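Following are the structures in question.
Presented sequentially are two complexes of chain A, the first with chain B as partner and the second with chain C.
And then the complex of A and B:
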């Protein structure tokens, strides 16, 4: 009410000084309205240049036969997309093989990358001597670059000279497993190395989530006679739901974008069975200079991932109801 | 100008940023003033008398050869007051990705070192210039080089590369293992019968003597050599159809795969494992690039020797490639820079004996026949391979097709498919890729 009266007064009889004040107020209002945009501007510029513009250019490239060095880059309409779906094109076989490889890797790695770090986080969340040391140990591999872990494991997993087979032989297990050159071992190696490499990251996220759950809830559950499993199901898991959604979504995307591990450890073998989508896009776009085709692949792949991520969110929203 | 800025942004549009990375790296390199094109002082590389020019040179010599190359460039710079060459070195793979973007945005080098099998692609894509006048003015001809290397610098009957060297596969033998199996370590086998007889002896001594890698390095290159030894080819004469599933090709592939079946090689050999096994005495024979000589020299505990590849098939042949000098097309033609570049190329070509010490066979005949070259025993022993080296044909866009070839061998060597099946499937795919290339390069 008071507001209305004041405003009315200001508008009603406006002597010159009041008009000035109003103008000042209006300009202050404009500044105030502009402030959030000013704060957003640096990010908007970056997003525009490195996010939006590339997407638009990507769509534009994907309807051309685009080699930036050749003088003519003809418009080809949807041809780049069509050849991904027609079995008599040169890329069809490779493309769907790479989609299959990516799907296999994602389906195998995501459950492990969601569950194993959760177990780790639950253990590391208890208080015991040396806890900080173990937290550091499990997080340590994540610090290494993919080139380091790739070369390291390629030598460790070598079928004939590697340490892994040597150790297996010492304890009487088969010592000639082709860890990086044949199926299904190549997938087992890639998933195993990735879990070893990246579990620490998800575990840290879970740890942060666990520490956000109020201890009173556990106390109350104990009072009600809930056992450890019941406390986990009814207090921990619901408390972690937003964290879980984050972990699952980012892990699915990270696994679907896998490139370095198979590039360095299995080198795509056997044949090209472990060549992932991202790797194939890089080959088409940069090695073979077919930027148009690579752009079409990127867009189709992005749509696939968008569908998967949407399904993810749906799933979690459904649970919340 | 706008055109070129656009293409850089379009590269970014791929979300891969390589083009940007290239131009950032290069921003630090500075560069002469392209606009100051004084009098066209040059006569195709004999000498240069114009104003001082700064030249940028790119290469991929990241190994021990890089040091030798830089030392040579320094020597050139001190001998030429009006030409200053600065060198930038990248990994070959990055290098080939970066070069086109850098060249088209005006940030490219003046001189680029390039493998022979890349020349056609870069020529067709307008990155490098014709060098016929250099060859003519320097009176360079096929007689000064080995015909195989000289002709490899041609694309569409025009010269794009001046060959510097050539690097073939060599036949490395472990002398200690040969002795252990009762063989004369100074007489490596040269024929198929001797070769296979030696393998039997190794087997008796408990050594798997000839490890077959399923990867391009080095199993794929070994297959490439043997396919040519059996009289097969990768492509037909016009590079219109892939032919690596011909009977000779299948026979050569089968012979290699049988090495694994007969236990002369373990199955599932990993990348570089055949070479590591060779150095540690678990493997006796391996076909590997001439570039390993310098590495082996650093391991005095390994007793080894190197010889030309034995003749397993019906004729001699070996995989080989060659480094060539090329001149990169510039947005603004600066006659002085081009003249200076030609002087440099000529000078280094004449000094290729020093380059040979880096582990390469000089392309120039005079250097190959010199006493100094013969005093480099390991390297000069491979020089005869130049006469029958099998280089890939000059056609643009062959990189991915040859990868398909290597992948077929991979499937055969890993036992995923029979040699016939693997090569048939590879040829079917390669033919579609060749068809694509024809559409793209309009040849």
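And then the complex of A and C:
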């Protein structure tokens, strides 16, 4: 009986009628108590093996020297972590170069991925014939995978054969920009492609948020004589705050996890300057056979991201006060 | 961007309409021309693709890229296509079955440990999946799953997002339906299959499509767990294709078109579901 009432309460509903409670209590038996767990079981098996176990295993790996080719995997304490922070270790230079690459990409791409989609969403939030069509067109690149996007843009950005330089030439701009092989062009390309690829996704999230803002607020602002910019500042932005927090947090995470674009488009060039953390971790762990060190890197990386996400939440809470 | 000044008359609003559509069309071209260029190039001959300045129409229209892609046994693109299709389909089925059952239990049944279980599942949403790739590799290695279909289908199916998404939907269903079914003598399994699932078709379809897309497009995981050329899925296969045809763009673009077609078709068919699913998961997530 108590059980049934709590279900209702947890869902925010009124407690179910007494008749129902009595009926349920009457039929409650051993099988009945097992039912919820039976429903959960298939998922929990998957979740245990591929969701929880990797976390535990990751921590365990990070304190061992785990070389795929060696039979012994001795406990090394925090050595794998220390290596990442001491400048005389072999891995130090490459590791921090990859952190730097990831940071550069994130810092360059996030503002654009927050602002450009907002512009698109504001545009698409007006009512006009064909709105659904344009919304679909702007979203379309997002459904393609990074493998297709990578190959396509490697071709489009090719210095000689690529469409980008050709079109620039047609309008009288320099037509020999080394988009994927030189700095700063490599970063411009990676950021540009990512904005093209994923803006539609963020725009859709903004659109949903915009539709939740009450039209009366705009009406009131208009009555007070607010112009378009003032309405944007005082109605749209505050109304979008939770959505903005979501967009910024998920975009930071997505950008920090960038791998495919630089792997396929710039191929890490020039040198290894555009090799990101994720790329470096998988290379270290699987190609260079040091799973322990790679696990330590993963944990340091995940902690860095946690700090950044937390800072986001903080920042937004202060703004609200 | 158009300037949203107050409407003063018919001509002004007409002008604004022109501005609006010009912006929309220019943006649409930016989003579509690269995709069109992929299709156009895939229909060119090798020489035509090297031509400067390039022609906008594939003249002569050539099946060369597709022939190379389909007939080359060193790069069995059709095989990769089939592998991707089977893997993505099985993967989304597995997500649907396991996540919907778990979500039903968490949303509509009462049991000891429910809160903790749900918190644990949602908690893992905040761990970047890429940081688990090395331990996950060791696990599938222990299972002897490297270079098999299972390695693409199963590990990613432990979808915390799927459980969370469906649970939110199931919570919104009215209690009365369940009560009526119970009066008719239905057990929990019957309620789940005959009442809850049919009412949740939109949410299930959304999750199915999103899972399919994710699996079809996955790149990082397959390149580390698949090795034999005939076992690859399309994304790592395309990388191989680029390696063998370096600058033969009609062939590479033909491969890219083949990899894009299913997801673009799926997008056109399920556009509303996908876009709604994305916005819902964004806001309520």
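Everything that follows uses one rule, which is that the second predicted complex is superposed on the first by the 267 of 321 C-alpha atoms of A that agree within 3 Å, B and C clash if a C-alpha of one lies under 4 Å from a C-alpha of the other, contacts with A are read in each partner's own complex, and residues count from 1 in each chain.
The criterion applied here is as follows: a residue touches a chain if its C-beta (ideal position, glycine included) is under 8 Å from a C-beta of that chain, and two chains touch if they have at least 3 such contacts.
Everything numeric in this text was worked out from a predicted model, so none of it was measured.
**Student:** By the touch definition at the top of the document, which applies to A:71: first (chain B), second (chain C), both, or neither?
**Tutor:** First partner only.
**Student:** Give one of first, second, both or neither to describe whether A:205 is in contact with chain B, with chain C, with both, or with none.
**Tutor:** second
**Student:** Quick one: classify A:175 as touching chain B (first), chain C (second), both or neither.
**Tutor:** It touches nothing on chain B or chain C.
**Student:** What's your read, chain B or chain C touching more residues of chain A?
**Tutor:** Ranking chain B and chain C by residues of chain A touched puts C first.
**Student:** Considering only touches as defined above, state whether A:234 meets chain B (first), chain C (second), both or neither.
**Tutor:** After superposition on chain A, A:234 lies in contact with neither partner.
**Student:** Between chain B (first) and chain C (second), which does A:291 come into contact with in this model arrangement: first, second, both, or neither?
**Tutor:** Touch partners of A:291: chain B and chain C.
**Student:** Classify the contacts of A:159 with the two partner chains as first (chain B alone), second (chain C alone), both, or neither.
**Tutor:** In the superposed model, A:159 contacts chain B only, not chain C.
**Student:** A:271 in the overlay: touching chain B, chain C, both, or neither? Say first, second, both or neither.
**Tutor:** Only chain B; A:271 stays clear of chain C.
**Student:** For A:54 in the superposed arrangement: first (chain B), second (chain C), both or neither?
**Tutor:** After superposition on chain A, A:54 lies in contact with both partners, chain B and chain C.
**Student:** Based on the superposed arrangement, let me know which partner A:312 touches: chain B (first), chain C (second), both, or neither?
**Tutor:** A:312 sits against neither chain B nor chain C.
**Student:** Once the two structures are fitted together, what part of chain A is touched by chain B and by chain C alike?
**Tutor:** 50, 53-54, 57-58, 61, 154, 161, 282, 285-286, 291, 294-295, 298
**Student:** So in the complex, the part of chain B that touches chain A is made up of which residues?
**Tutor:** Listed in rising order, the residues are 7, 9-16, 18, 96-97, 100-101, 104, 125-127, 211, 214-215, 266-271, 273, 276-277, 282, 397, 399-400, 407, 410-411, 414-416, 429, 432-433, 435-436, 440-441.
**Student:** Touching residues of chain A toward chain B in the complex: what are they?
**Tutor:** 50, 53-54, 56-58, 60-61, 65-71, 89-90, 93-94, 154, 157-162, 176, 178, 180-182, 267-272, 282-283, 285-291, 294-295, 298
**Student:** Show which residues of chain C lie in contact with chain A when the two form their complex.
**Tutor:** 1-5, 17, 20-21, 23-24, 27-28, 30-35, 37-38, 41, 49-50, 52-54, 94, 97-99, 101-102, 104-111, 114, 117, 120-121, 124, 126-128, 130-139, 154-158, 160, 163, 171, 175, 179, 182, 188-189, 192, 213, 216-220, 224, 234-236, 238-239, 242, 247, 249, 252-253, 255-256, 259-260, 263-264, 266-268, 271, 274-275, 278-280, 282-283, 285
**Student:** Could you pull out which chain A residues touch chain C in their complex?
**Tutor:** That would be residues 3-4, 6-8, 10-11, 13, 16, 20, 23-24, 32-33, 35-37, 39-40, 42-44, 46-47, 49-55, 57-58, 61, 119-120, 123, 126, 128, 130, 132, 134-141, 143-148, 151-156, 161, 163, 166, 170, 196, 200-201, 204-205, 207-209, 212, 228, 242-243, 246-247, 250, 253, 256-257, 259-260, 264, 278, 281-282, 285-286, 291, 294-295, 298-299, 301-302, 305-306, 309 of chain A.
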